[in-house]
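The following pair of complexes shares a single chain, subunit A, combined with subunit B in the former and subunit C in the latter.
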Partner chain A sequence: MRRPYIPAFVFGILALIGLTIAPYMALMYAGIEKDMGFAQKIFYYHVPSAFMMYAGFSICFISSILYLYKRDKKYDIWAFCGAEVGLLFCTLVLLTGPIWAKPIWGAWWVWDAQLTLHLVLWLIYVAYMMLHSYSEDSLQSAKFRAVLSIIGFLDMPLIHYATKLWRTHHPEVIRGENFGLPLDMKIAFYFCVVTFLMLFLALLFKRVSLEKARDELESIKADIRDRQTILGQVGSE
Partner chain B sequence: MSLFISQTLAILEKDLRTEWRTKERLSAMAFFAFLVVLIFNFVFKPGSPIMQSAAPGIFWIATTFAGLMGLGRAFAIEKQNDCLLGLRLTPADPGAIFLGKMLGNVAAMLLLEALILPILVIFLDIEIVGVLPRLCIPIILGTLGFASVGTLFAAMSMNTRLQEALLPILTLPVLVPALLAAVEAFHGILAGDTLSEVASWLQLGGAFAGLFCAACLLLFEFVLED
Partner chain C sequence: MQYLEYMTAAYIIIWVVILLYFLSLSKREKNIWEELQNLRTTISRGETPQDNV
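And then the complex of A and B:
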């Protein structure tokens, strides 16, 4: 019997509580921003999503290095799950961004540095997932994904620098807004960050336990096959 | 160290010699790149100023796409008769195999670019004679960056079910900063900018090429082993 996976459960409950209160904190508790109005509310979900995206990709990067160094399957599992959960939050960033951009910038999509960076990162990690799906050998796939994740992570500052240089005129709203927040907005914002962190951890631990169970199942299946062939050989003799 | 260099040169020589004898890869790449440039003439209004300002983009699209095709071939020929296994069995350092392969690709790409530039001049009516020496710097940096990441990913994609089809999916997103740097620097120089005016783009291109040449050199070992 597998013991129930406690971290996923605990973080899951905390995330559930947080996510029930988060809309109230974002929509009611925090005041309306005077320049951007109601559209600014999306930031309480957008920015924490971006933080969790970086957390996921960082876990993927570190685990990938450890995997190539130690060759332990568990690091590959952490890397894959980190990338997957990171990709989920990256998708959320890309979906919530345009909701804000339409009323403020007047267009769903603007080739702003930040947006372009996230889009390119999204593409890199989708490629990471495709590398997983289209590999024939699971051991080789693990190594290839580790290599891609290291290359992709090293590329991140370069993409950031390149897109900034490319689109120098983009407004620094995002960062400027974060620093000079009034107290109520700050509380709501940090509440959402913690909630998203709980959600991130719940998903990550759940995903890791699922992947470990799958791995265990594979080894049990292989074991049964081996026994059957031995039994078959004994029977024919 | 001298052993590493001689191993690298041996791999490079092998690749160049096979290419010289068949001329398959380069002719296919060159023809494909030519077609890409030609297609762009149908997409835009011929002779319009848009075409001239799009020239750096057209140049890099043609070289990147043709280059991706060539990279795929570079490892496809190694798969025939299990040549890659033979390469792995040699006492050569994996880094030397990578560097030899990469330099072979760089050579093919530079030759290809030397062929596309005149075509661009003829079709798009751009003026490059005066700026040609300056223009070489972003082209070389871009080619180095492209070849480093491309060679590593080509070796990876050959071992997947999609084979060469996965190569552009892996390479293009990672290549974004290198392509941006190459196109913007090309654009600037064509418009008459001095090297110091496009310095930040050249630095970015150089950083990309340097970082990924080193990273791919170290990581190739893991891609090669079974």
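And then the complex of A and C:
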């Protein structure tokens, strides 16, 4: 019997509704920016993706600290799932950024502080996922991953404030209270942020339910192995 | 219609990546639940699930 996972389902439905309306909001409702033309519309998915990346890696960071403090497996599960979903959105930012940059800057990629730090962040969390996949000792791996996620998290404020700290091609992430946007663009942008938040939560809860099921499976297997060992010892005596 | 092709490319990439991730999640979930169900059935029958462990 498959367990229904209500949060993933509810957020999934909300995300589906949002994702159906979001293209209308971004393409039709919001006006066309006069200099960047349609390329500016990448903004409505690129920036919310970056916000969800921050959310995923923040969940990973907080859960990792809790794991190191309490050594409870559930925190490791939340940390790992936060990292995976955060990495998905980080990948989206890295893929859509160059497509936006090419017509505006005339180059797909420039090695300025913000973009480079973003790539470093992506590589840190790819290493995090590899550590989870390829290490056999799960307790040792969880400790290493927790430390790695704390190191990775330190990169995020640098990315956010890179435009203030160094001279970069990338525009400021948040420019004043209203993002420097006209009302129609602002409404479309907020709509996309909420939609991406729903999508993020749906994927996160689904991923957590999956990881809990995998954990349950591993526990049953370990239990069976223990019983077989005991039975083997009794039989040999 | 300035830079329409860049916007289209970005939007397609976003949807494809999200869809692929969702499909991979669903596939992984299906495999785990099948394996879990097999183990439960085998244990409830009183057999030793040698092959599954």
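Everything that follows uses one rule, which is that the second predicted complex is superposed on the first by the 199 of 237 C-alpha atoms of A that agree within 3 Å, B and C clash if a C-alpha of one lies under 4 Å from a C-alpha of the other, contacts with A are read in each partner's own complex, and residues count from 1 in each chain.
Following the convention adopted for this analysis, a residue touches a chain if its C-beta (ideal position, glycine included) is under 8 Å from a C-beta of that chain, and two chains touch if they have at least 3 such contacts.
Worth saying up front: this structure is predicted, and the values here are computed from it rather than measured.
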Open item on the list: After the superposition on A, what does A:T195 contact: first (subunit B), second (subunit C), both or neither?
Closed with: neither
- [ ] Return first, second, both or neither, reflecting whether A:Q114 touches subunit B, subunit C, both chains, or no partner chain.
- [x] neither
Open item on the list: Tell me the contact category for A:S63 with respect to subunit B and subunit C: first, second, both or neither.
Closed with: neither
TODO: Pick one for A:Q228: touches subunit B only (first), subunit C only (second), both, or neither.
DONE: second
Open item on the list: For A:M36, using the defined touch cut-off, is the partner it touches subunit B, subunit C, both, or neither? Pick first, second, both or neither.
Closed with: second
- [ ] Quick one: classify A:W166 as touching subunit B (first), subunit C (second), both or neither.
- [x] first
Open item on the list: With the touch criterion stated at the top, can you tell me which subunit A residues are shared between the subunit B interface and the subunit C interface?
Closed with: none
- [ ] Sort out for me which residues of subunit C touch subunit A in the complex.
- [x] 1-4, 6-7, 9-11, 13-14, 17-18, 21-22, 25, 28-29, 32-33, 35-36, 39-40, 43, 48-49, 52-53
Task: Parts of subunit B lying in touch with subunit A, wherever the complex brings them together - done: 149, 152-153, 156, 159-162, 166, 169-170, 172-174, 176-177, 180-181, 184, 200-201, 204, 207-208, 211-212, 215-216, 219, 222-223, 225-226
TODO: Enumerate the contact residues on subunit A facing subunit B in the complex.
DONE: 68, 120, 123-124, 127, 130-131, 134-137, 140, 143-144, 146-148, 150-152, 154-155, 158-159, 161-163, 165-166
Open item on the list: Which residues of subunit A touch subunit C once you look at their complex with the stated criterion?
Closed with: 2, 23, 36-39, 41-42, 45-46, 49, 88, 91-92, 95-96, 99-100, 102-103, 199, 203, 206-207, 209-210, 213-214, 216-217, 220-221, 224-225, 228
